[in-house]
Structures are given as structure tokens and as C-alpha cells.
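Alright, structures below, take your time with them.
Below are two complexes that have chain A in common, paired first with chain B and then with chain C.
Moving on, here comes the complex of A and B:
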């Protein structure tokens, strides 16, 4: 089955981003295909390469980044949500004349159209965090 | 074409959920999909006319509800029991909506390809 996943919950104050990661890993293990993961609202914080997790806690941003790189998944961060929360790639940082970019490896920044496209091309769309 | 159903369940101000849901509805409409936009629970407050969010330095995102028709979003529903619980009626609302019951809501969800609740 072709599955897309939307994550909306904050990775630092909600469980949903971890649940979504576990779900994606289970889906791949079961032989399903992941068409796209779309990060919306507070979940775009997962795209920051600058977060620091306490030593005895899991760095969920790093875990997601590693996961999407390992399986070469299409991991899209919503641009409108990202800009508001200070998640910028090089081109957005230069467009808005910000001092740095912080988008972690493995993620792309794009628009809500990518989510609609995922709905059209997937057998199931599963949301985490709402 | 797919049927995308959105359940907007949060009040218009206080969280960004209402705006996030509206943006998804409009994006889906741009892709010319069948859209059901359903207001329920605290979400019915988004429909009420006369919000003045400038007083709390918030943007009146709900003004965009007027544009739904332009975007071709015609299936706009309010869960009747959510209105009733809040002593609201159609006369309080800024756009025309269809009232739906719990049973009708179930069948709308059942006949959808994708359901998103925000």
C-alpha cells in the first residue's frame, strides 16, 4: 500500500512526531511504500538542525533526519509554517536576509500543494498530532 | 478526483488550528478536489459573524471564509448539535452552511478518501 503521513504536533511538547516515526518504520518493515511525509504547523520544528536534546533524551530531529536520509523519503516541510517558526533553508535565508539557514539534511521546504499531491497519489493518508 | 474532508474543531483564535485547516481547504480546492469543510465542536465559533480580532492583535483569518465560494468550496457544513450546545443558530453565522447531524457526519467521513481533523 502507498502511504503518506502528515505530522502536525510539536516534536518537543507532544508525542506525535515520535509516534509518526514509529509508524513510518513499521509501515516500511511491513512492506508498504511511503510516498511522502509532510510536516505542518509545529511539526516543522523537526526540520531544525540546531536543536539540542538533553543527554538522557532522544534527539527526535536527528532521528527523523537519519530516517528520511536512510530510506531516501520525500520529507517536505510546509514553507508557511516553517518561515513563521524560523526554519529556513539557504534560499529562504537569503531571500529574507536572515543571518543563517538551519534546515537539517534530508528535508525539503515546499508548499501545501505537496500535501494535496500526496493525498491524490496515496492509498492512505495518516495524520499525527491533531 | 478525490474527496477530501476537513473537520475544523478549534475556536478561531487562541490556536492556529483554524487557519491551518482553512489553508488546507483552499489548497485542496485549488487542486480541484471534492472538498467537505465541516465545522464542529469549538470550530463552529469560526462561523460566527462580527469577530473583531484586531483587539487581540490577531488577523481576521475567518474573513477568508467569504472566499470559499470563489474557490469552489460548496460543501460547507456545521454540526447542528455543536451549534445548539452553544446556543448558536444559522442567524449568527457569516456564511451560509448546511446543518448536519452526527449520522450525516459519519456518512460524510465514510465516503471520503482523506479525512483531516484540525
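Moving on, here comes the complex of A and C:
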């Protein structure tokens, strides 16, 4: 089946980003296709390349970035949520004259329309987080 | 058209589990994940929440999250699934609703 996943929970205070990653890995293992992963609200923090995890904790940002690169998934960070939280790619950084961009490898910044498109083109959609 | 209700908050923190129980209709399933797994324990408070719930709704709990919380005793009307089972449940039902 074609599955899309929305993640909304903060990776630093909620379990949902971890749950969503395990779900996506299990879905691919079962032979399903992941059409898109859409990161919304606090989950856009996963798109930051600047977070530093304590040595004795799993680095979820790195795990997600590696995962979407490995399977060449369409991983979309919501632009409105991202800008508010200081997650920018090169074009947004120059548009708003910010000193740096910090979007991690494997992610794209785009709009909520990408989630509408995912719902239309997927057999199943699942949402993780508050 | 059946629905999978995914409950991720503890029944002692939020109304997520109660809402799922009230909303689920015949043929639906409820899957407890994250802190939602506390609704799987064999306890009087949970029995009280469940009284009057729709009978033909199957309850599942994510085993990884049960193990992570070292829950001792689960009620006997609930089935454990792993992440592969989670994916299978999503595929078996037409829609999913996430309750927090």
C-alpha cells in the first residue's frame, strides 16, 4: 500500500517522532511504499542540522535524516511551522535576510498543500503527535 | 469502512482513551501506543472507563511501549502487536484517527 505519515510532536519532549520513525521502518520492511512524510508544528525541529544530542541519548534528528536519505523519501518540513522556529533552507534564509540556513540533508521545506497532495495520493495516512 | 483509533496519551492524563471508546463503532479497532499503553493495564479505573463501551471493537497495544514502561499485568481483552502489527492494522482499516 501507499502510506503517508504526518509528524507533529516535538522531538525533544514527545515520543511521537521516535514512534513515527519506527512505524515508517516497519512499513518499508513490510513492502509498503511511503509516499511522503510531512513534518508539522513542533516536529519541524527534526529538520534542524544544528541540534546536538547528549552522548547517552539517541540523536533523533540524525536518525531521521539518515533514514530519509537512505530510502530517498519525500520528507517535507512545513514552511510556516519551520520559519517560526528558525528552521531555514538557503532560499528562505536569503529571502528573509537571515545570517545562516540550517535545514538538514534529506529534507525539503514546502507548504501544507504537500500534505493535501499526500492524502489524495495515498491509500493510508497516519498522524503521530499531539 | 472501519477506523483504527490510535491512542497515545495516558487515560490518567487526558480524555483520549475515553473519546476513542465513545467514538469507535462496530468493526473498529483501538490501538494503544506511547503513554496510551497505560489504558491496557488490568485495573479497576480502566474497567470503569470501559463499561458501556461498544462491544465489537478490538483492542490492541504496542508491545514495545508496554515493555519500555515495564507494565506488569495487562487486561485479558487486549492483544499485543509489534510495529509490523501496527502497520498491518493501519492497512486493515480504511482510516486512522490519532487521539492524544
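Criterion: the second predicted complex is superposed on the first by the 130 of 130 C-alpha atoms of A that agree within 3 Å, B and C clash if a C-alpha of one lies under 4 Å from a C-alpha of the other, contacts with A are read in each partner's own complex, and residues count from 1 in each chain.
Rule of thumb we're sticking to: a residue touches a chain if its C-beta (ideal position, glycine included) is under 8 Å from a C-beta of that chain, and two chains touch if they have at least 3 such contacts.
In this text, all values refer to a predicted model and were calculated from it rather than measured experimentally.
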| item | value |
| --- | --- |
| Chain B versus chain C as contact partner of A:58, first or second or both or neither | neither |
| Touching partner for A:128 - first (chain B), second (chain C), both, neither | second |
| First (chain B), second (chain C), both or neither touched by A:26 | second |
| Partner chain in contact with A:119 - chain B first, chain C second, else both or neither | first |
| Partner chain(s) touched by A:98 [first = chain B, second = chain C, both, neither] | neither |
| Touched partner set for A:3, first chain B, second chain C, both or neither | second |
| Which superposed partner A:16 touches (first chain B, second chain C, both, neither) | second |
| Touching both chain C and chain B, counted on chain A across the two superposed complexes | 125, 127, 130 |
| Sites on chain A touched by chain B in the complex | 6, 8, 40-41, 80-81, 111-113, 115-117, 119-120, 125, 127, 130 |
| Of all residues in chain A, those that touch chain C in their complex | 1, 3, 15-16, 19, 22-23, 25-27, 29-30, 32, 123-130 |
| Interfacial residue positions of chain C with respect to chain A in the complex | 6, 8, 33-35, 64-65, 82-84, 86-88, 90-91, 96, 98, 100 |
| Sites on chain B touched by chain A in the complex | 2, 4, 16-17, 20, 23-24, 27-28, 30-31, 33, 113-114, 116-118 |
